[in-house]
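Quick heads-up: structures coming right below.
First subunit A sits with subunit B, and in the next complex the same chain sits with subunit C.
Take a look at the complex of A and B:
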């Protein structure tokens, strides 16, 4: 009797916490279809009109393109840097790997406001004007670790015998890497890229300090919520951002799951 | 000979990523450290590279900044404790009460909010806590008086706890997963009540997981400025907000740099404490 009461309480609490975690996100998705222009619950009717209005807003469209541009460039750079770091560290002593991982993780482990003001001071001192380039540099710096840890995890599970076999057959290390290792890392790199893209696409804190006059989509949302302007458009943009970041993550999870099953 | 070539290969591969990190990141942190000792020319508003301790002196002497620092650290600690309490039931169910398929689904559901837009998740709470928001509608429907938490420190505490809960859940799940079932059986066989088993076996073994989670919940809350701006009120300024306000045209970047050093020191100190509780032994 008491056992079932205890189990019931445990499950009840667990379900309540899960609801606390997930319901607010669902709610945000519902508001995008609100026909009215005031933020009142329950929504006044289902409509797509704010989707149309938001797409017509040039400010929002420009912000979207800047965000996409930054996310694509930063992901590409981070993919190269992160993969090089993982492949280069593979086979070194675990102590070296530990220290290396620590430094690569710093940019996302330390609070964004620190990374942000540090990079802001750096660019100012070096007389580098704040443009798309500074945004890309900042985003690349904290995205690299995502690719690195994904690739590193995969490399640890690859048997070294594969590379040795390739070299025994007369392949140069480079050729062995390109024909054997790289294809095997493909899945890990791809899922890392999706996560890095998602991370860059909705980063707001470091961006604030490195964007100058550029407005990314999260910066537009931040400004609009703060000033209480364009709220129906904020609903739509937030819907799109959640969708755009969730899809690659679910896809990335599937990729990672299929890689680990190999 | 081949050993040397091999090492050269490692170096060649590691040079671009670590060169980038050293230049842009460690370089930035170094400049930040230096600029905490610079000052702003009161006439022109330009940063001048003359060494001074004035920024730190102002931090110590001005009560406003002490209150901001206390509030930041206090709320970060409160959020950490709240997340530990909230994480327990769900983490326990995920780790020990469900099959592997449901477990995977639950883990993805728990991680999902973390990867989705932070702004969207903060914004959701403006819709919930607003005067004509979701919560008040349900309260009124239930015949209860409405709440007015919007733009207070209560809202801030609630939203922070919501935002960073996954950071606590995941390490706690993996700590609980690692407890061998035989240990719990043994405790039961020895006549321990479930409460005794929890207090003397499960809880102590989960401490490293809670310590690992707390590093994230504490550090992330500490460095925030977005949430206080969006859901906080007049008395909700964090260290991050002072930093944010001082970067830009009319700001005082050296002072902001000095204040952000406080963040760095507090986080560093917290990590040292957390390490004693095994926070970094899990992974």
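Take a look at the complex of A and C:
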């Protein structure tokens, strides 16, 4: 009996914590389907009319496209840079790797405000206008970190004898890298890409300082809430952002788990 | 190069090899060695003695600080592994986890541009040789340790190199499997005629498989010879101790003699030796029953001198610890150790 009471208490606590974390989010997601235009609980009826209205809003649509564009470009750039950085650093002494990793991970370790301000001043000083390009560059800095640490972790677990075996059988280092290392890194790179994409898609702070006149989806939400307008549309956009962010994260974690099982 | 090629063309020639890591501890202090074509050659020594480093220098995975590596008379000291006609069987097997067994074995041929049909056929043949042809579609993760080891062997054999390097390939296997693989490795080596250079720290393995053995200790080679030579005429105390078990008695004039335990027999207290026998009277210090034989240590209390005897268990039944006995051996089996 005592066991079941303890189990019950444990489950109760777990549910309470989850509710504390997730209820506000759930509320917003439910309001996205509200038939009324004033947010009052309980919702008056289920409807998709705000989805239709939001899609019709050109501002939101543009913001969505910019967010997607930035996330895709930043992820692509970061994939190349992060993988190269990890592969390049892998053979070096552990101290070099430590120092290198420290500087590479700074964009994520530092508060976003600092990264944002630093980027902003840098672009201003260099006389680079704030466009989609600046946004992509800014996002690439922290996306690279994700790819780098993912690939680095996988590389550490690859026995060096694999590359030696490839060379032993006549492959040049480049050929060995392409035929052995790269395929074995594939899972780690893919899961890193998904996480990087998600991170870029819902980023607010760095974007605030580097977007110029561009508006990403999270920036649009931010603006709409400050002005207190378009509240039903905000709920819909939040719904979309959550979906687009969560799916790659879940997928990426599954990938990472299957990679580590190998 | 022409000169080198005419002077015998050893399968492997090492001269004056030195190597130290992290500009500190020297790992190799001058290795000179010649390995003949078609030989099963073993580098034997405790861990850290430099045998694996020497193997890696032959394979091209490390560069020596000084000295020269020649393969069939050709200087390859500075050549990378992919330009040497050598294949290695790695200690951890180093199978490619994302490829089937067949693709693992065919990898080298694919790199060299061998056609797909020939590749598959030869890979299949090589897998057949190690009795794994039925599972060639599997991935390495679906195999047992012993099977992986066979794939690694097939992969090293399939390119028909002049030389195969084997880095403690049986280290991870259990005793029974080890014995089987020892026989199999030896069989394949004889059948193919490929020169095998084999690294191990297991002296029994070395004795049973090798044509010749080099005994390594602290970065130098102590002795090179056939198993019989090493066992019967060890060049140093280290070799005597490392190969087989032995008793070393500090003889007169500072010259030590070596006694193999199987050459020593036990007689009761008071035994009178014949003119061609030597004895050590003492008490039984320790008895260990090993099945067919019993190992027995006799110590002479006054001098502390110790002799180990290996006697048939049937004749050892009356022995007890603390018993006064005489250890006896024929004078001509005692081997005077070089200083």
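Operating definition for what follows: the second predicted complex is superposed on the first by the 247 of 262 C-alpha atoms of A that agree within 3 Å, B and C clash if a C-alpha of one lies under 4 Å from a C-alpha of the other, contacts with A are read in each partner's own complex, and residues count from 1 in each chain.
One rule holds for everything that comes next: contacts are C-beta pairs under 8 Å (C-beta built on N, C-alpha and C of every residue); 3 or more make two chains touch, one makes a residue touch a chain.
For clarity, every value in this text was computed on a predicted model and none was experimentally measured.
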So, after the overlay on subunit A, do subunit B and subunit C clash or fit? They fit
In the superposed arrangement, does A:172 touch subunit B (first), subunit C (second), both or neither?
second
Exercise. Using the superposition on chain A described above, determine whether A:164 touches subunit B (first), subunit C (second), both, or neither.
Key: second
**Q.** Partner chain(s) touched by A:192 [first = subunit B, second = subunit C, both, neither]
**A.** neither
Quick one: is A:110 in contact with subunit B, with subunit C, with both, or with neither? Answer first, second, both or neither. first
| task | Based on the superposed arrangement, let me know which partner A:180 touches: subunit B (first), subunit C (second), both, or neither? | result | second
To the nearest 10 degrees, subunit B and subunit C lie apart, as seen from the C-alpha centre of subunit A, by 100
Per residue count on subunit A, the busier partner among subunit B and subunit C is B
When the two complexes are superposed, subunit B comes to within a least CA distance of subunit C, in Å, of 8
Within their complex, subunit A touches subunit B through residues 6, 10-11, 13-14, 17-18, 20-22, 24-25, 27-28, 31, 38-42, 80-82, 84-85, 87-89, 91-92, 100, 103-104, 106-107, 109-115, 117-122, 124-125, 137-138, 140-141, 144, 148, 173, 195, 198-199, 202, 204-205, 208-209, 218, 221-222, 225-226, 234, 238, 241-242, 245-246, 249-250, 253
Subunit B residues touching subunit A in their complex are 9-14, 16-18, 20-21, 24-29, 31-32, 35, 47, 86-87, 89-90, 92-94, 97, 106, 108-110, 112-113, 115-128, 130, 132-134, 137, 162, 165-166, 194, 219-220, 222-226, 229-230, 239-240, 243-244, 247, 253, 256-257, 260, 263-264, 267
Subunit C residues touching subunit A in their complex are 59-61, 80-82, 86-88, 90-92, 94-98, 107-108, 111-112, 141, 155, 159
Listed in rising order, subunit A residues that touch subunit C in their complex are 159, 161-162, 164-172, 175, 179-180, 183-184, 262
